[in-house]
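Right, I'll just put the structure down here and ask away after.
Chain lettering (A, B and C) follows the sequence in which the chains are written, and residue indices restart at 1 in each chain.
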Amino acid sequence: MKQKLYVLLSLFVLVSMALAACGAPAPTEAPATEAPATEAPATEAPTEVVDDFEGRVLSAPDCDSTGIIKSVEATARYEVTFTLCQPDPAFLSKIAFGVYGIYPEEWIEATAGETSRTTEGLERPVGTGPYMVSEWNRGESITFTANPNYWGDAPEAETLVFRWSSESAARLLELQSGTVDGIDNVGPTDFETVANDPNLSLNERPALNVFYIGFTNTFAPFDNQDVRQAIAKGIDRQRIVDTFYPPGSEVASHFTPCAIANGCVGDPWYDFDPEAAREQLAAAGFPDGFSTKIYYRDVVRGYLPQVSNVAQDIQAQLKENLNIDAEIVVMESGAFIEESTAGRLDGIYLLGWGADYPHVTNFLDFHFSEANPQFGVQSPTYFEPLAEAAQIADPAEAEPLYVEANNAIREYVPMIPVAHGGSGTAYRSDVTNQQASPLSNEYFAVMDPGGRDVFVWMQNAEPISLFCADETDGESLRACEQVIEALYSYEVNGTDVQPALATSCEPNEDLTVWVCALREGVTFHDGTTFDANDVVATFTMGLDASSPLHKGNTNAWEYYDYLWGLMNKPSE
Amino acid sequence: MTNQTATIATLDAEQISIQSVSLWQITWRRLFRRKSALVGMFILGVLIFIALTAEFLAPYGYDEVLIGKEDVVAREKPCIHLLGCSPEKPQHLAGIDGNVRDQFSRLLYGARLSLLVGFSTVTFAIIIGTILGAVAGYVGGWWDNIIMRFMDVLLAFPSLLLAIAIVTVLGPGLINALIAIGIVSIPSYARVMRASVLSVREMDYISATRALGGSNFQILFKRILPNALTPLIVQGTLGIASAILDAAALSFLGLGAQPPTPEWGSMLGAERNQVFTAPHLVFYPGFMIMLTVLSFNLIGDGLRDALDPRLAHVS
Amino acid sequence: MAQYIIRRILASIPVLFGILIVTFVIARVIPGDPCKAILGEKATPEVCERFIKDKGLDKPIHEQLFIYIGEILQGDFGNSIRMNVPVTRLLIERLPTTVELSLAALLVSVLIGIPLGVISAVKHNSWIDVLTMVWANIGVSMPVFWLGLMLIYFFSLVLKDTPFWLPPSGRVSPGIPDDPFFEVWGWVIPESGFWAGVLVFFSRMNILNALLTSNWELLRDATEHLILPALALGTIPMALIARMSRSAMLDVLGQDYIRTARAKGLGRLGVIVKHAFSNALLPIVTVIGLSLGSLLGGAVLTETVFGLSGLGRTLFEAITARDYGIVQSFTVVIAIMYVIINLIVDISYGYLDPRIRLD
């Protein structure tokens, strides 16, 4: 009896599974999300040049259906014109960002898959850079080989290998054994070891980031400015930096690091003063402190290398200095970002920011504009001067506005800036041109690994894909920046921009039209010649949401959207 | 007539009570004879003592930050005066941890947590497991099938992975980790209970009790459960050992105890990157875990051998 | 015998079905949405909306379940949401690491555990016996991750610059050629498809590949990298197997038929091998089967400590990153592997002990 039951049950299950299998639609294809493909705005403007060059044009119908860029036009074989909807003083800084590297027109078309870029497109990008992707051994390593036809100086090492390990101890060990030539993010406790080892060299990375303690001032008791100011005075930030941060880190005097123009103008942050803090807290109505929570995610970032240790120390300090009982709540990374950026966390939270491009607007405007709900209610005392200053190109001219904004931030205390987190890279001592780039985009073509043929670099994690147009992760960006190039680039180990694929980009009077002259005689890795159409095709792919070329990895195109604003976004 | 029956009934009761006393005594005596079980019990005794008196034994608080109070650096190696460390420096038997706290004190407080973890998970799992197993074995039929199939599905996943999945659903935290490990441990107790029930269900004295008018509930509790007690105890003791290991693994991965709780696994996990520069922060917590788990394993083994009639001739 | 096998297989089917459902439920019930987890802090709500629609995550749950089951049955495990590659490809790339590690650990545990246990049983109560049992008890009590870290400390730091040094992480050193065997043999294989996948799978098991292509450099290097993880992972099963071998042998050695064999004049070794061991096999095989669970679970910890990109660690990272594609598929694969292995163990019972077949 039991036997038959078993057989019947199993048959039933088999049949239902078979039905499910037959009933399921064809596996991977998600329904097409693109609006009916209106071919890339087609007004082929014939150019003045005699040769039969047909320049592509990317243009938005009007400034409502786009962000900053109105049109990108190939006005000559080696000239591209960007027309903007508003003045952008940071244009050159932004255009040099690795995400905006240029791909060949035909390759973009060939690797645009159904809903996302083909695997070939994601893993073997074709660019103009000094290295080409040779092999990606997923989980193990990526191998690059030198580009024999590179327009600039040939790379020093014939072969470049990327490896990764999430454990700083493992990275250091491999460097010491000589199995790798350079590592990223030396562990905070290892700086001394590296510095004392004659075979290794330590390079400290300037801290273009900030770690802050955030409040959401729509929740009591943080709606009281005196409470926020009291906490600002009651935390010994020097102790945090001394104990938990590597050398090269500094206590934040302002939100923006001083390395950035207009970053630290205005009065410096409050000094640590526990008595004054307690007084102010008592006057605000909390003589015996109160209970709250500390939210954070257990993710290591340059601005916060020892997350849970810092959280515990802040908890201890709040208790000791202000009698505030804070419960530690660790959140999952995605959920934490979602809740904090939407302003829904009812306690204090630990977050930071790393520079995307070296301009003060990347720090202040993102966080302290009126529309950002992260800190609760923003104050016009700072968001108004910031909005005004964003339109001014000359830093000296904009300075008084930034002084006003910084002082207002200090008064209002939407958050407490704590530290600019230094980090460091380490190399074998015989590596030339060692770098610890402030933007984390080390450029390996100029590094000679002591005469050896192969340069092995070890970073924190594996790149997600090598299609940087649709990536945000620094580990991916560093890899693809060896292979593709943008119109401008950041100088090696610095933040100033220099011409790359463009020889110059000249703006008009009010910074709304930029005309870029392109470098001639450059070929892509697949042999095709670089010209203006490749630039337009690349920006079409990245900016125009209605284009069939707009296929990426996750199709989020965050950086195209966030720094420029996508064109023709689907209306729902 | 009545006199005779009365005498028989009393004799019976006496004999039965004499029997049960001597069984326990025999077990105890055999347990003590095994040296390894003695070692285990000694270690456990020390740990229980530490757990109860941590406040008095620990020279510092478990979350007491020493910055500004003593001249120590984060992750400093242990300083033991008896072994030659200069008497001017403050003594820290197990060194300083990443947040400038005394590790020795944290280790002592951690004993409390680990013992609690072990006992509560296993209690939770035993209660639910025995109920499920008893129902499956006693009622039989469809219930048996469904319950045991569900146990099979639970057992089809490696226990740690399933626990990780459950904790991710519930959210990180020690309580959730306990629930996850408890859930994952249920099947083995259910099986033990069910096997016991099945083996005893058809025996004569059960039918006799039923004939005398005993309810199902009575039968389960008074007759069947005591029978299952011995394998459950053995399984439970060994289960505490593996529960402590699993909880440490979850904390190591960041899913269990949250800072600043001084749980050994999370202490280890937090410092695993510093294994070369601060090995004392990796060695001691792991060593304590091993010691605790060892004690339960030794006791569990001893109990199993002591309670197993077959091994009566093998010492 | 065949009937027995069929019965065991049929009994596994409802379990497999249950696994599919449980995996799906778990993956969906995990809090936090994959968008921010994968796209990071800079993803805006509109970006997330597009993302969710793209990945089909906005369909009703039961529809998603049907699609999921249907795809699995057709061998399509979907895509990793995060890396946008088919999960099958990740499986082919990462499963060999775990399989190689588990097999090595199993080998270590069996090759050391069984002899130790047998010797302890034969030399019952001698110092070998006591030492082995102490070692076995300690081995069973050690957290895998702690043992791994201690081994790394000892072999990579303490023994640095000695011939006994072992690497602390990874599978191979860079620069060592590791051409797959089918390339070396000059086979031409299709770009994709089932057989291509199988061949790539086997070629990624470095030791096997090295043996097949007589690549002694690779063989040495891969073995060096495998020793420590295998030791760490295999210690607990080794201890279990040693204990079980010992008690099973003790049981058997005390039986009457052993005395009869000795009385008949069979030498000591002959008795052990011919009569005792084969009868003790049943409980030993049981323990080996049970150990596989701890191997697969312990693989997560070992892979994390040694920086290996295997099934366990990828799954753990995927759970943290809410990558449903990987979580669902890998969990199913692991559970299926587990069921199949238990099936094999069950069937080998039937082979070893005829009495069980009739159950």
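In the analysis below, contacts are C-beta pairs under 8 Å (C-beta built on N, C-alpha and C of every residue); 3 or more make two chains touch, one makes a residue touch a chain.
Since the model is a prediction, treat every value here as computed from it, not as a measurement.
With contacts counted as defined, which of the two, A-C or A-B, has more C-beta pairs across the interface?
Higher C-beta contact count between the two pairs: A-C.
Quick check for the class: compute each chain's Cα centroid; which one is farthest from the centroid of chain A?
Chain B.
With chain centres defined as C-alpha means, what is the inter-centre distance between chain B and chain C in Å?
26
With centres defined as the mean C-alpha position, give me the chain A-chain C separation in Å.
38
Nearest whole angstrom, what separates the Cα centre of chain A from the Cα centre of chain B?
The computed centroid separation for chain A versus chain B comes out at 47 Å.
Residues of chain C that touch two or more other chains: which are they?
Within chain C, the residues that touch at least two other chains are 14, 31, 157, 320.
Please output the residue numbers of chain A that touch at least 2 other chains, ranges allowed.
Residues 167, 169, 173, 332 of chain A touch two or more partner chains.
Touching at least two other chains at once: which residues of chain B meet that condition?
Those would be 168, 171, 272, 275-276.
Give the list of chain B residues in touch with chain C in this complex.
Chain B residues touching chain C: 36, 149-150, 152-153, 156-161, 164-166, 168-169, 171, 241, 245, 248-249, 252-253, 265, 268-269, 272, 275-276, 279, 282-283, 285-287, 289-291, 293-294, 297-298, 301, 314.
Which residues, counting only chain C, touch chain A once they are in their complex?
7, 10-11, 13-14, 17, 31-44, 46-47, 50-51, 53-56, 66-67, 69-71, 73-74, 76, 78-79, 81-86, 89-90, 93-94, 97, 156-157, 160, 167-175, 307, 309, 320-322
Could you please specify the touching residues of chain A with respect to chain C in the complex?
Residues of chain A touching chain C: 3, 6-7, 9-10, 13-14, 17-18, 20-25, 27-28, 30, 33, 115-116, 119, 122, 138-141, 161, 163, 165-167, 169-170, 173-174, 177, 179-180, 332-335, 337-338, 341, 454, 456, 464-465, 472-473, 553-559, 561-562, 569-570.
Which of the residues in chain B end up touching chain A in this complex?
Touching chain A: residues 63, 65, 67-68, 74-75, 98-100, 145, 168, 171-172, 254, 258-260, 270, 272-278 of chain B.
For a test of understanding, state which residues of chain A touch chain B in their complex under the given definition.
Those in contact with chain B are residues 5, 167-169, 172-173, 187, 189-190, 193, 239, 243-244, 298, 306, 308-309, 311-313, 315-316, 320, 328-330, 332.
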